[in-house]
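In the two complexes below, subunit A is the common chain; its partner is subunit B in one and subunit C in the other.
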Partner chain A sequence: MSGGGLVSRAAAAVAAATTAVRASQVPRVFAVTHRPLHTSLQSRSFAKELFLGNIKQKGVFPFPEISQDELSEINQFVGPVERFFTEEVDSRKIDQEGKIPVDTLEKLKSLGLFGIQVPEEYGGLGLSNTMYARLGEIISLDGSITVTLAAHQAIGLKGIILVGNEEQKAKYLPKLASGEHIAAFCLTEPASGSDAASIQTRATLSEDKKYFVLNGSKVWITNGGLASIFTVFAKTEVVDSDGSIKDKITAFIVERDFGGVTNGKPEEKLGIRGSNTCEVHFENTRVPVENVLGEVGGGFKVAMNILNSGRFSMGSAVAGMLKKLIELTAEYACTRKQFNRNLSEFGLIQEKFALMAQKAYVMESMTYLTAGMLDQPGFPDCSIEAAMVKVFSSEAAWQCVSEALQILGGSGYMKDYPYERFLRDSRILLIFEGTNEILRLFIALTGLQHAGRILTARIKDFKRGDVTTVMETIGRKLRDSLGRTVDLGLSGNLGVVHPSLGDSANKLEENVYYFGRTVETLLLRFGKTIVEEQLVLKRVANILINLYGMTAVLSRASRSIRTGLPNHDHEILLANMFCVEAYFQNLFSLSQLDKFAPENMDDHIKKVSQQILEKRAYICAHPLDRTS
Partner chain B sequence: MAELRALVAVKRVIDFAVKIRVKPDKSGVVTDGVKHSMNPFCEIAVEEAVRLKEKKLVKEVIAVSCGPSQCQETIRTALAMGADRGIHVEVPGSQAESLGPLQVARVLAKLAEKEKVDLVFLGKQAIDDDCNQTGQMTAGLLDWPQGTFASQVTLEGDKIKVEREIDGGLETLRLKLPSVVTADLRLNEPRYATLPNIMKAKKKKIEVIKPGDLGVDLTSKVSVISVEEPPQRLAGVKVETTEDLVAKLKEVGRI
Partner chain C sequence: MSWVQVSLLARGLSRRWGGICRTALLGAPTAQAPRGLHCSAVIHKDDVWLVPRPPEPQKKPIKVPVLHEELFTPSANGEQDKAGFLRAVRSFGEQSVRKRGHVDFIYLALRKMPEFGVERDLSVYNLLLDVFPKEVFRPRNIIQRIFVHYPRQQECGIAVLEQMERHGVMPNTETEFLLTQIFGRISYPMLKFLRMKLWLTRFKNINPYPVPRDLPQDPLDLAKLSLRHMEPDLSAKVTVYQMSLPRDSTGTDATQPHIVGIQSPDQQAALARHNPSKPVYVEGPFPLWLRNTCVYYHILRADLPLPEEEEVEEIPEEWNLYYPMKLDLEYSRGAWDNYEFDLDEVTEGPVFAMCMAGAHDQATLVKWIQGLQETNPTLAQVPVIFRLARSTGELLTTSRLEGQSPPHSPPKGQEEDEALEEQQR
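And now, the complex of A and B:
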């Protein structure tokens, strides 16, 4: 075997690839899109690196840990909150009456739950993201309370913490932290939901430039009827850098006392009926310029940052709810007998428990991994990771609550039991805080954008003859053609994943590698137009979510084994179970992304929907019809 | 006004809501990984002491607990409820098994003297062993008067009026300070340790001492031979008439 021959064959392969690349240059995807979806500094987050076929271990392996002090502090907090929710919160009554009793709200305020993340110097608890997530597990026992508190602090007042100046923080945060004032987040309008950038509420600068006049209507605002402080987003005229006048969004802190603020009647909802949701109208409301939040014209970014910062906590909230559901349904399954056997002995029932436990495990792992990353110093960009947690947990919630209800059979359907309320309360999770459809597009496009930029740079380096890049590329193509086994440092003696999870780690590595390759292919095939290919983007996002889940469970389980936490054998089962399932799902998605894949029904889907939507009805002839 | 100081003893027990399981070797109940919290009657005792402090009748409330390091969590809860400082009498896990009312009473008696307190508050009994002895023994060792099963406590100068729940109804005693009081269910409703208070409590001191420092001997003359679950309750049988009832009772040898 002549080494020279091998190298020249590889060189030829590389030359061929280069020509192909040169022919359809990897385009600069989204140099400026019409509505940019990225909003923070471009940094190498874990999720973005997956798009390049890399597993960035820093911050992910080993699983983030908190100090012993912090742990005992959290455990101290959990006790009273848990007690309050089990003894004094009557979720059934809240759901039936459609409101949270005043003294329950007062007790929540005195417990300190209205200012969990407000810094201590402004009267809040100043807890980290991890601690916030931990408390979320308990608060989620009541959906209405969860949403009321989240709307107040995760989005309503978050803007002031993130981008507020000292005066704004000192003026507003103390009363918000104590709950004396309640906050609401006002972005959505009747004609602008997912398309947040199209809002029409307007803020016009006064003649004397001392205040803005706010006019517009917001819809579906949680706490709209209770709040006295609103974070409002409105269009303002801004002089652009090139001198032209543009309409850009600005964020404002608006007090009800400014006048002209009215709200509509509470909406009747399917679930979370105890939370207050209504229209909020602003009529010639005067907002002092001191109340601009962030920069004039920088409101869209503020909105996205606020939403990104709170999103991850949905994972722990749902995990808390699932753990409770497992307890409730297990009690039933182990005592109810049919055919002279306990329900717990039947396979179809057992499967439901395995599902709930697995989903809860993945959700917990993803949430606390993300929270751990967010709690790192600096301002790490975890917007994709947070979005993935939200999509996964909202859909798992809907699925698992439905299965839990199913275990109870007919009883599950009755209002006497809480399952139907849990089901109704969880449906909103897929809709608010960014619909799962939009988030999937966000996840896919942000990652593809990052990959596109890096790959374009690499191609440039290669063409310039940069030695390192050339050698890397040749090496890679050589290994690919020889059928390499993927090794990204996870498994094996020097791997960060524990050996008992080695098989799953290999599956993850393989998936990640082929995902990276597929991303390149997609960018080459579609270029800029990939923005329009939602079915492709959906698959990309689904693969990524699975990859993140696999990483999270492998990291967490490895830590549990190495630390010697109780029941770590059970964790190994759950982790391996999820990884196998996710691996095969990913393989299927990856094959569907292949251009000529027979599994790919996208063209059919487009045609069918076109024909239906043209007639706005189902168009098939009735099966009983005849021609004459 | 008053310069009275109170010592409140708190015990860390398995949470009341947990389903207890006996260890397979019958040496005790499963405690590993099981949720623990402050004994409910101890919470009532802490609440009463803190209320007296809020009424400015008591100057300082000291919370004390005997046991392994996890006891500090329980002391912290007492601090979050309003106690001023804590004392942890450290007893390692293995020895803690032999901690009974007499040993704890010896510790409390020595502490009461050392800290020169005027009142010792305890819960009437712990929900794990239901002994209902520690308060009484402490008073005996100190030779102080005692007001047990208290459902109402009123300070009157250098005396304390204690209303007690007894089998026959309510009994009211007037005790000269210093004295020992144990709390019963209806004495008060304990407050939640709010999260802001828990954070403030972090700054309060917990002193860690060993039983030896107090000159207390922890040897116990009691040893646990075995712990078993109570026998399973069998289902009852319904009968139609009184005659059937009498016949059945004779059958099982009850009459």
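And now, the complex of A and C:
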């Protein structure tokens, strides 16, 4: 035990050192925030602690709340917006015409929806992340408007809020917040999706060093045709510290009026057809040096921060959409009669409603938990949590919309009803803002990097064959295999989780404990080469998403019971349902992670795809083929 | 009385012997061995065989008309096709109702099949088997079953099946039915049939890189096909650098050989990265066999770069916008998790392109290099060294259409093998 104590102390020392190092390296990006309150020390995020097999209760239990004042403030906003969306927005027309009508846009502007998160001193609403998520629920009733607004403020002008200097903020934010100017985010290029090294757009400093000349093309730019302010990422030559010249990415604020900015015709899309997506070309556009966003050569970090910051809101948007969908389908299921019974009396239909409600409940919990974390002072790094919310909610959206269509049967497939539009609109969620595959890698790798650093000493000892470490590990394995009860302090008499969710809390604790063990084993097995093991990383990410979802629902349901919110018994059912399901999924994933590639079929999967990709076709013989 | 018996016995014996001799000497057409007693003369001269004879001069064997040869004479318009072959088989059946000499006829027909272009036709093989009289050769008691019953006929049946096997013709139920009718279930042809049923199916698709059965006749198409056959990368692009001009248009000397090349995007990128101070080599010609056709190709390659020159690919710091491309950890994969086999891989220099040309001289290959320079600008700065082996001559084909079967004409399969050997020598 003393050995364990030593190790943990050493780990803590390492952790403290790394935190200190990171704190001193906190780039400008982090230093400038729109929240007035901040401390320089970043607290470790909840998800990162999960990788070590710990549950960090601070900020998670109890479920974050907002004050009564804030609640009534947000309700003031929500009322008119909701009325506008249900009464005036004609989603069907927007979808058919592929365009949001001008008067709808004007009304959105007058409601202040173009500057939800712009600070009040620049004419925005200055809402917190939690309130932004709440508004997002309503806006999501129309996919095209959601995407247009998100491209404007979640990524388009976010750069100015995050890293812009005072002059830039004063110059651009008021007009952007009022919606007079629309913003767009120009990163993707024909040859560059997530690969920043292959960005071709180039900005060259002029002779007099007063402006940059921007040349290049960007594709699939949402709002590309409407926007007058663009956040553009381009390569610039930067003199490195050792004197060599390197190409680095720089972010610019580009006005359409600078000249040389043209856009292609709007693309025809599967869903979100009302949003404007097109190519944007820059030809000898002269951008003054004052319009560099952040530092010259620091565009990569700017882009990463913008992308990481905007993701969590998808959870509430999807939840809003799902709630609407549940209403619509429930109406249908309770009125449609077959065999003299309502559809709602059939078990297979009931199951689908339970599924939709459960998914909506989980993603709602995850989103508001994350938003609450983000709203805590000190600009906490919640990028993993935000990515988890995005992955979970986008996949749940696709699954639930598909199930809803199943309830509706044939009418779900018809263009006369709105359901097929929901399906089309929701498909993009799995793709944009980082595809779910890429985000899973992000989730797993960021966490493993964190855990790997902290466990370095221990793993080195183990690899060297240090007797105490090895014995301790073996002893722990033995104890684990004899069946131990894990207690991380969630349940019990003084636990943070309500006793009616005790079983689920125990399941979560068990999963978290063994997840920590598995992460350690994985790091021991693969070390830094785990980057190449994408199938392993996928499982790690899946487990983590489940763990986060379990935590969120347990925390939220416990709060609901204790504060006596209406229908909290319903919440308990949903929470327990999800926890049991996730628990078994986790057990399966963990058991697969404990196995080697030949046993968990990973090498089969790889071989099959290699053979297919070599021939670039499905290579099995036809079932009717004969040799003789 | 006893004399008559002896003579009858001798007659029977000699018939057996004659059959066996003929089978043994089948390759070279023998004079139509007279049957019966005359044959015994040969047997009596057997001792001659014990003495080593001086090798017979390899002169053109005297053209001796083979029995039934006349059935296979080309029809009036000189065409040799399936209909002609079927007619020959049918006329044999009409001409000898008792099927006399059917074994000889079947052997002859097997030899003739390639000429008529029916060597891959299952129905023709079945028709040939149908020539055998039915029920006669079936063993009727256990003794007959133990010993080879009617060996000559069984061998002939096996020969039919063997030729089928050589041409990859799969027997069907009709074949089986015929064989049971002719030789019975327990017989050597039946055994052969069963083995073919078992193995041919397994071997039919065993080649992961199948070559089409009928190769294109046009050398240009053939070159394209063989380049595609060799190149594993499906995104590789085949370029025709020069079309061949017909021989008669500008005179014999001025013919312009075709040049076809293939290069994959990876090879193009590798060539762009090549250090211009190091030479590249044009090497060849190397043979490539596609069925019974041999073609020659050339490669453009470089030496393996020295270890110190190899650029270590570094992961740029700012590369992936979404997730870390490498982990900042000090420990690597454990030994237990290395699933790779321990292979000693001989690294070779990179191959940048391949080509096939109508001629294998430097003048032609220079044109290829010039053509390559259009898509690979760096090639202009790189010295190119030609390391060509002696010319191997013309495109060699032994396909049926080129006719002129050699005077001494073994069955088709052997001929192909010999052509193969000749090439390899």
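One rule holds in what follows: the second predicted complex is superposed on the first by the 551 of 628 C-alpha atoms of A that agree within 3 Å, B and C clash if a C-alpha of one lies under 4 Å from a C-alpha of the other, contacts with A are read in each partner's own complex, and residues count from 1 in each chain.
We adopt the following convention: a residue touches a chain if its C-beta (ideal position, glycine included) is under 8 Å from a C-beta of that chain, and two chains touch if they have at least 3 such contacts.
The model shown is predicted, which means the values in this text are computed figures rather than measured ones.
Novice: In the overlay, work out which of subunit B or subunit C sits against more residues of subunit A.
Specialist: Touched residues of subunit A are more numerous for C.
Novice: Scan A:598 for contacts with subunit B and subunit C and give back first, second, both or neither.
Specialist: In the superposition, A:598 touches subunit C alone.
Novice: Check the residue A:249 against both partner chains and state whether it touches subunit B (first), subunit C (second), both, or neither.
Specialist: second
Novice: Tell me the contact category for A:83 with respect to subunit B and subunit C: first, second, both or neither.
Specialist: A:83 contacts subunit B only, not subunit C.
Novice: Under the stated touch criterion, which partner chain does A:528 make contact with: subunit B (first), subunit C (second), both, or neither?
Specialist: second
Novice: Return first, second, both or neither, reflecting whether A:304 touches subunit B, subunit C, both chains, or no partner chain.
Specialist: A:304 contacts subunit C only, not subunit B.
Novice: After lining up the shared chain so the two structures overlap, which partner does A:610 touch, if you call subunit B first and subunit C second: first, second, both or neither?
Specialist: In the superposed model, A:610 contacts neither subunit B nor subunit C.
Novice: If you stack the two complexes on chain A, which partner ends up touching A:67: first (subunit B), second (subunit C), both, or neither?
Specialist: neither
Novice: Sort out for me which residues of subunit B touch subunit A in the complex.
Specialist: Against subunit A, subunit B makes touches at 17, 32-33, 37, 73, 76-77, 80, 192-196, 198-199, 202.
Novice: Can you list the residues on subunit A that touch subunit B in the complex?
Specialist: 72-73, 75-77, 79-81, 83-84, 86, 107, 110-113, 116, 120, 125, 566
Novice: Give every residue of subunit C touching subunit A within the complex, in rising order.
Specialist: Touching subunit A: residues 170-172, 197, 200-201, 204-205, 232, 234, 316, 318-334, 336-337, 339 of subunit C.
Novice: If you look only at subunit A, which of its residues touch subunit C in the complex?
Specialist: Result: residues 187, 194-197, 248-249, 300, 303-304, 307, 434, 438-439, 441-442, 445-446, 448-449, 452-453, 456, 459-460, 463, 523-531, 596-598, 603, 614-616, 621, 627-628 of subunit A touch subunit C.
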